[in-house]
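Let me give you the structure first, and then I'll get to my questions.
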C-alpha cells in the first residue's frame, strides 16, 4: 500500500550555519532527497559597481578589497591591471614581482579557508578549520607587515604597489616557506585519505567537463572537471610567464576533486612564491601616477586567475577621473550557474558538501 | 598568451556568414545587430576555427542615448578571445534575445544585467531580479537612476 | 529483592542510620528515606560529573584545536558549567506557536530521565550500587531507547521542518543501531553467564576489551551513534539542519536537552568501563594486582578515559551521511556482531569452564578473527578501489617567457 | 592500504596537536605583536606640520574627513598655512585604507595604532580636532618610510615630535626662513 506523502520546502539561509555568508537556497525535499532548488541571491548586495562610478580610479582599490574578502590581493591586482590597460600605464618589474608574490600568498590563504570551511560543512567540528586558520594567520601576519592590514589590504595602486616590504619581511617569508609544507602535509594526513571524507565526497556533486565549460565555471572548479585552463598559464599576466609551476587537473569533477585541486594548488603557489623571492630584482616599485588621472576614453577588460576563478574587470572611461562603468566579472557568482544541475537528486546533507566544494564567497557573489 | 583576435578578421568572417548583421568593428571587438545576436553567437561557438566555447562575461553599459551589451568570449581550445558588442536604443522596454541556449553561463549574468541595467532578455526562462528584491524601484546601474 | 539489598552495603549502612534516627513506629520510613537519599546522591553525582564532563570536553576539544577553551570563569574556567547554567536559566523560554504543547514540554524531561535512570544499575563498587538487577544488561539497552522517543517528540512537536528532518533521522538511525549493539553484547553475556552487571564485572578475569575486541568496537560505534556524537551526529547536524531536533528549544529546555545529551556520554562511558574494562576493579592484566584506588575512583577514572576517547573522535572525524550511516550499521556492524557472537559461543562450547591459559587462547582467537574481518573487508573494497588522491594529476605547461 | 588507516592517520594528527601549544592568546591581558605599519584608528596629526590644504579630505573614498579652515597669516614649510577650525574624522565609516595619509604632502597626518574604540552610539565615533591635538603622537610607519628607516616602532611607546615626523628629517625652518622662501618663490 502506498502511503500518501508530500514533499517539504525548507529555506536554507540566509541565516544558516553553512551558507558561507548570506546565501539562501529554497530547497524542495522528498524526504532527504532534493527535488528542486531555487537559489536566492542579493543579501549582501552593496552596489560596488555603482559606487565605483562615483570614485576615482585610485579610490576604487579600496572597494575591490571588499569583493572577495578572502583574496583581496588578487582583487587589487585584477583591478589595477584593468586600470593600467585602460590608461596605458607602465608597471616597474619589481612591482610586478611583488604583486605576484602577494597574490600567490593570498591564494594560499584563500584556499586554506576554502578547505577549512568545506570540511566544516562535512561536519568535522572545526578542527581542520582551526588548523587552516592557524596557518592562514601566518600569511595575514605577513600582509600586516607589508601594508598594515590583514584582510582589507589595499596594497596595489595603478602603476605599482604602495610600499616596499619592510626589511624584516624577507626573513619572515623565508621562515614561512620553510615551515609551510610541513603544515600542509599534516593537513593532508588529517583529511585526504580519511575514509569518511572520501565516502562523503567521492562521486558527489558531479560537474561534467562539458557542463562546466558551457556554464562558464572557472578556477579550481573548472580544473577539477578536467579542463587544464589556468589564466596564469593561458594568458600570463605580470611575471607569471617566468614562473615554473604545474596545474592540478582533476578527472571526475566531483567534490573530492575540487577539494583536492585546491590542496595541490597550495603547493604550486608556494613554488611560485619561492621563485619570486629568488628572481625579484631591485628597482622602483611604483611609476609616477598622479592621484587623479584621466585615462583616455575607451574600454578595457583585464582578467586574472583569482582563487575562486576568473576575476575580470571591465572598465569604460569617458575621460574623467572616475570610470564611466566598472563591471566586475565575479567568479563566485558565475560558478553558481550550474548549482541546480549539480544538486538535483542528492541528499540534503550533500547539498552543503557540494555548495562548500564550490568555495564561493558571498561578498563576491552579491557585490 | 590568449590571442586577442583582430576585430577586422572576425568581422569580415561574420559578415560573410551574416551579411546584414555586422555593423562595424574595432581593434578587438565586433559590433553586431541585436536581432541576430543568437545566430552570431551560435556561429562563433560552432565554427571550428573560432570555437568560442566559453562565455567570460556579459556587461551592460548605459550610454544614456543607447545601451551597449558587451560579450567577452574566449575559446578554451584555441586560447583566443574576441569581444562582441551590440547597441540598443530606447530607454524603456529595451530587449535583446537571450543567448542562454548557446551558453548556459549566460543564465545568471543576463539576470544580473536585467536587474541592474534594465535590459530584458527574451527567451530567458527565469527573467527575474537577482541582486535586488522584487519590486525594487528602477534599475540601479542606469545613469538616470534616482535622478542620476 | 531482599537479597539484592542485603548485598548492598551502602544501603544497609544508611538504613541503619535512619532506623536509629526514626522512632520505632516510623521504621517503614527508613526504607523510603534511605532509597531517596541514595537516589539524591546518585543523581547529583551524575549531574556534577556531567557538568565537569562538559567543561573537560570543551577544554580538551580546545586543546585538540590548538586553542585554549573556556578559562575565564573561576580557576581554570572550572565554573564555566555553572555560568552556562545561569545563562540558560535566565533566558526567555520560547515556545513556537506551531509547537505542540505537551510533546514540546515532555521531550527534554523524558530525555533527562532516561539518561539518569540508567545509572541505577551501574555498580560503583563491589557493594556499592543502586540496584543489582538480574537483567541489568537488558535494562541498559532498553532504557536509553526512551531518549529516541523523546527526540522524536521534540522534533515533531516543534513544528519546524529542520527539527522534523532531524527527528526522522534520529528514529531511523537509532532503531538500526540498537540491533548491532544488543547482538554485540551477546558475546559478553555468553562469557559472563549472567545479565547482572556485578556478575559481568566479576567475570572479567581478563578485561573484556581484550577478550571481545569486535564487541568492543561494535558497541563503541553504536553507542556513539546512540548518543548522537560525531561522526553520527546527523540528527542535530549543525551544518545541514542548523540544530536538528532541538532547533526550536531555548532557555532551560535547551539546557536540559544538552544536559541529557552529554549525560549520555557520561553514562555510556560508565557502561563501557563496566562491561569492557572491569568496572570498579583495576584494569591491569594480573587481576590480583594491588588495588591502589578505591573502587569508585577506578570507575570514575575509566569513565574519564572513555570520555576523552569520545572527545578525540569528535575532534577528528567529519559527519557521515544518513544512507552511509544506515549501511554501516546493517552491512558492517551487524555482521561483525554476529560473527563475534558465533565465535564466542563456539569458544565457550569448547571450554565451558575456561582456565586462565584457555582464556588467553580465547583472546588470541578473537583478535585473529578481528584482524581477519578487517583484512577481508579491506580486500573486498580494495579490488575496485584506487588511492583516492590519484584522481587529480599535475599538468605541466611550459612557461612562456614574455 | 587497510581500511581505516586514513582515519587512524587523522587521529594521530589531532593527538599530536593536543600536545602543541595553543596559538590563541588571552586578548585583553596578552596581545599579539603589532607590526609597525599597522593601520589603526587613532590618527596622529601634527598641527605644526598641517597647512590645512584638505588633500586628505579630497582623497578619502568615503568622504568622512571634514575640514573647515580660515586664513591664519602663518606659514609652515613651503605653503600658506590655514588655521584649522574643524578637523572631524568620522571614524564610524572609516575603512582604514590610508589614502588620506598617502595624500598628505606635509606628513602631517599619520595612521595610528589603536583598534579598541568602541562607543555606545555611532555619533560618538568622531575624532574631533581637539582630540587630534591632545592624542599621543605614536604614528604608524605606514607610508612613512622615514620613520621606518629609523627603526621606529609605535609599540615601543615613544612619541615622535613634529620635527621628526617629516620626510626631510631636518631642523624645521624658522618662520623667517619660510617667509623668505615663500616670497622668493613668488
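Observations
So that you can tell them apart, the chains are marked A, B, C and D in the order they are listed, and the count of residues begins at 1 in each.
To be clear about the criterion, contacts are C-beta pairs under 8 Å (C-beta built on N, C-alpha and C of every residue); 3 or more make two chains touch, one makes a residue touch a chain.
Here the structure is a predicted model, which is why all the values come from computation and not from measurement.
Shared contact partners of chain A and chain B are absent; no chain touches both.
Central chain assignment: A. Criterion: smallest distance from chain C-alpha mean to the mean of all protein C-alpha atoms. Centroid distances built from C-alpha atoms place C farthest away from chain B. Chains A-C form the pair with the most C-beta pairs in contact. Chain A and chain D have centres, each the mean of its CA atoms, that are 30 Å apart. Here the CA centre of chain B is 62 Å from the CA centre of chain C.
As a whole-number value, the distance joining the C-alpha centres of chain C and chain D reads 56 Å.
Distance from the chain B centre to the chain D centre is 46 Å, each centre being the mean of its Cα atoms.
Chain D has residues 1, 3-4, 7, 10, 13-14, 17, 23 in contact with two or more other chains.
The set of chain A residues that touch two or more partner chains comprises 127, 131, 134, 190, 192-194, 196-198, 236, 241.
The set of chain C residues touching two or more other chains comprises 64-67, 315-317, 387, 400, 402. According to the touch criterion at the top of this document, the contacting chain pairs are A-B, A-C, A-D, C-D. Chain B meets chain A in the complex at residues 1-2, 53-57, 59, 61-62, 70, 72, 76, 79, 83, 103-109, 112, 116, 129-133, 140-141.
Interface residues of chain C facing chain D in the complex, by the touch rule stated above, are 60, 62-68, 71, 312-313, 315-317, 374-375, 377-378, 381-382, 387.
Listing the residues of chain D that touch chain A in their complex gives 1, 3-7, 9-10, 12-14, 16-17, 23, 34-39, 59, 61, 95-99, 102-103, 111, 140, 142-143, 145, 148.
Here chain A touches chain B in the complex through residues 41-42, 45, 47, 49-50, 211, 213-217, 227, 229, 231, 234-236, 241, 299, 301, 303, 310, 312, 314, 316, 324-325, 327, 329, 333-334, 336-338, 366-367, going by the rule given at the top. Those residues of chain C lying in contact with chain A across their complex are 61, 64-67, 161-162, 164-165, 168-169, 230-231, 233-234, 237-242, 314-324, 387-389, 391-397, 399-402.
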